[in-house]
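Common to both upcoming complexes is chain A, partnered first by chain B, then by chain C.
The block that comes next holds the complex of A and B.
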């Protein structure tokens, strides 16, 4: 039987959700009987092939994030927003209280101890969005996995439910936003 | 014979003057509520306590109980309505639970868990709101204020003061402080006041105590809102569960 293909990525996130995913430890071995990874920081594949499940961590803070998210949406049958940032912007969205100019000035010009103050403008650097947004404001999201990060058990639960063809549900013990 | 109402098919006795919420709480029946706290006058603003009375949606915290009412409370449809209200409360403010001192002790968050809320559904408002950290022992973070007026009522009805009010309209609606400067430090609030402790969310906090109980061991990490509200646990401070 063909394995279920899973892609994962981190946008404006801290990779904490990915670390928590790996926290499922030896259960990952059993899971790999049933799933294989497409694009993921775990294998460093750079582009998403057609997949069954896409797990997206992090909010949208720059143009590249939006591009990657759209690639995931186009290629994944089921897209899951993973973690607080993907769901409501999370910690990255705290910059929404300020203008982009204020943020850049603070980080690169005015902050104490800044050496050679200038705002980086290399063409390779993706342009920042004026505000940080959660995923569902840009693409359709099929399922949400809350938590900062979601516990490993929550990853196991949602993937197992999907593998078994069930509608995913999170028991209260593993549903938390912090 | 005492008078009764029926909640989800169960006979619930009541006395004249009691609301549907009063009668339900007295009978250990949980109706979700957020702006209501027994002992303070009902406010009827959050609408989380919406029940179906003889086919009409009403707020149970303000609706007087009356003989023979047929009330639906715990139904899938009402659960969905209440979840939508909670989602709107989340997206109207800046509720970034991972960075909030109140996480795990927050009634709004606990209600969201209780209603299986996984996302905010609506686009985020990300309103810009102010912090008032002027007071030596208290802090106001308006990002998280849900305008429930529990602090307003606690100050007026229990503390015998008049420290808070809600002013403005729409997205500009916000908590204001009754002091010449508008700052909390210049008001007559004291740490011991009920108004300092009653906030159901992380909008009025006692400084320096936010992380005494570790995340994961707080009230709603260990109990559901239905349990704690029925026990009338007034969430002044997390009980220490490590003992």
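The block that comes next holds the complex of A and C.
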């Protein structure tokens, strides 16, 4: 039987969701009987192939994030927003209280100890969006996996549910944080 | 700014019924004096009123009429209601005066912003100038206002007729058409005694006129039976539902009946103190209301030993709000009376057992109390001879919108909507919002429905939309209203009303897809089901009503694709392009 193909990526995130994904530990071994990875930091494949499931961590803060997200949406049958940043903007969105100009001035012009102050403008560097956005404001998102990060059990549950052809549903213990 | 420390109370209104030691009143005085609440005054005020600093800070932030930074010496707030608002006039004036909305002009002379419905729907467009009401605005009038602002003419010297508010009573009914003889309800009450009077009110079938329709007699009975150190009567004059202005008429022309209803309630439930919570937008009526109370004191209808009865004491105090729709909800109103932000309480316990200062409290609408006073004189049978099966008596309506004679109309319950439309000269009507944004939007097919609690309930708002109106635009206005007025206490309402607003905006600006409509429906159901109080529970109504009755209003605007982003991606890179001086292919999306 063909294995279910999964792609993962981190946009404006901290890779904490990926670390939590790896916290599935030995359960990953069993899971690999049923799934294989396309683009993912785990294997360093650079572009997303046609996949069954896409797991996207992090918010959208620049043009490259938008390109990557669009590639995932085009190639993944099911797209899952993983973690607080992907769902709400999270920590990266804290800059939304300031203008982009204020942020860049603080980092590259006004900060004490800045050498050769100028705002980087190499064409290789993706331009920043004026505000940080959650994924669902730019593409259609099928499921949301909440948490900062979502616990490993939540990854197990959502992937297992999808493998079994069920509508994913997280039990209260996994969603209850305090 | 240090000079404001311990600033003396500045109100010249201090009377037996308006106290300067209420936080809302002190903040109002500071706002009037300095155009904002100076940070340096907050500590002294908190100490003087023996309130926690955090509470004072929270109250300043909660109410729309208090500001942390200075507004203009003339602060104009244009109503943004669909009936008494016209924001194109606001934008014209902003341009004329060189003002950015919500920002004070550099010279400090003027600031211009928006306010939720200010209750002038029968004589709009309207605005508040330093809290005073100007109605029937025209481009010419705005020109005259602009000239006076540029000439630094104080508002007190603007022509008095600009501030005139008309009653516009178009149709008298059971209450408005029956002359009320001052004192007659109390004389009747003393003759019959409290228990008999209570039975009379119960027998009359009177139900709350604020919209919810709870039996007034039962409310009084529960409160009378509740034990406590003191009992209180509260008159809810925080008429904030957009399109409602019928209490304005009762307060300006029938204040004796209203105050007498309060006193009667005090007699029945055994209260010695009553409060009227007057919406900040109606502050212009305060001097006259205080004068009425003073007259009642002289007539021995208020104060100690009322009508010579040594055991009948009752005082009335007026507390003026500061621009918060949520304070119309009875428990939020009580919180506001207790010098806090207007966050609704968990109910039960209901105010009848634990209300103001945790004591048994009756909170009644202005119209309910006026009706109770009439019932005391004429009897329950006189009242319930009118109306429908489950809705006795009459209802005073505030009719506004697209009709020839907007104003106040009183009808017996059971009157058909079409009859009302005929009376006010409304033709080619597309839809009516009955009961304000939190009520029901009805289509022409429903115009034979009846005005009644069992059919179409309303707190008094009746907004008519003619054929030329864009209904989606109307609903967009309501969505903005609820997002602005949500008190922020519970997440479903705080976040949900904003998501609903964003969703309607997206569709209204031509960026919505069928997916967005489905999301809107899902979110509306969630906000309705999960919100803490009536605000959130009713905020999605206009959207759901429009979806059900006028689906075309949405469908006409939809983009036929699977998904549209919520914002313009390429535009979102514009600031970065400017800062990096880039315009290459990679600098666009």
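In this text, the second predicted complex is superposed on the first by the 175 of 178 C-alpha atoms of A that agree within 3 Å, B and C clash if a C-alpha of one lies under 4 Å from a C-alpha of the other, contacts with A are read in each partner's own complex, and residues count from 1 in each chain.
Everything that follows uses one rule, which is that a contact is a pair of C-beta atoms (placed from the backbone, for glycine too) under 8 Å apart; a residue touches a chain by one contact, two chains touch by 3 or more.
Computed from a predicted model, the values in this text were never measured in an experiment.
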Clash-or-fit label for the pair chain B, chain C on chain A: clash
Contacts of A:89 with chain B and chain C, given as first, second, both or neither: first
Which superposed partner A:166 touches (first chain B, second chain C, both, neither): neither
Superposed model, chain A: greater residue contact from chain B or chain C: B
First (chain B), second (chain C), both or neither touched by A:66: second
Which superposed partner A:176 touches (first chain B, second chain C, both, neither): first
Touched partner set for A:131, first chain B, second chain C, both or neither: both
First, second, both or neither for A:2, with chain B first and chain C second: neither
Touching partner for A:81 - first (chain B), second (chain C), both, neither: first
Touched partner set for A:140, first chain B, second chain C, both or neither: second
Clash-bearing segment of chain C, relative to chain B, as chosen among 7-15, 61-69, 439-447 or 511-519: 61-69
Footprint overlap on chain A, where chain B in one structure and chain C in the other make contact: 131, 133, 137
Chain B contact footprint on chain A (complex, rising order): 81, 84, 87-91, 93-94, 96-97, 131, 133-134, 136-137, 141, 143-146, 148, 169-170, 172, 175-178
Chain B residues touching chain A - in the complex, by the definition given at the top: 90-91, 94-100, 103-104, 109, 112-113, 116, 118-121, 123-124, 126, 128, 215, 221, 224
Chain C residues touching chain A - in the complex, by the definition given at the top: 515, 562-563, 565-567, 569, 572-577, 579-582, 584, 586-587, 589
Contact set on chain A toward chain C in their complex: 63, 66, 99-101, 104, 119-121, 123, 126-131, 133, 137-140
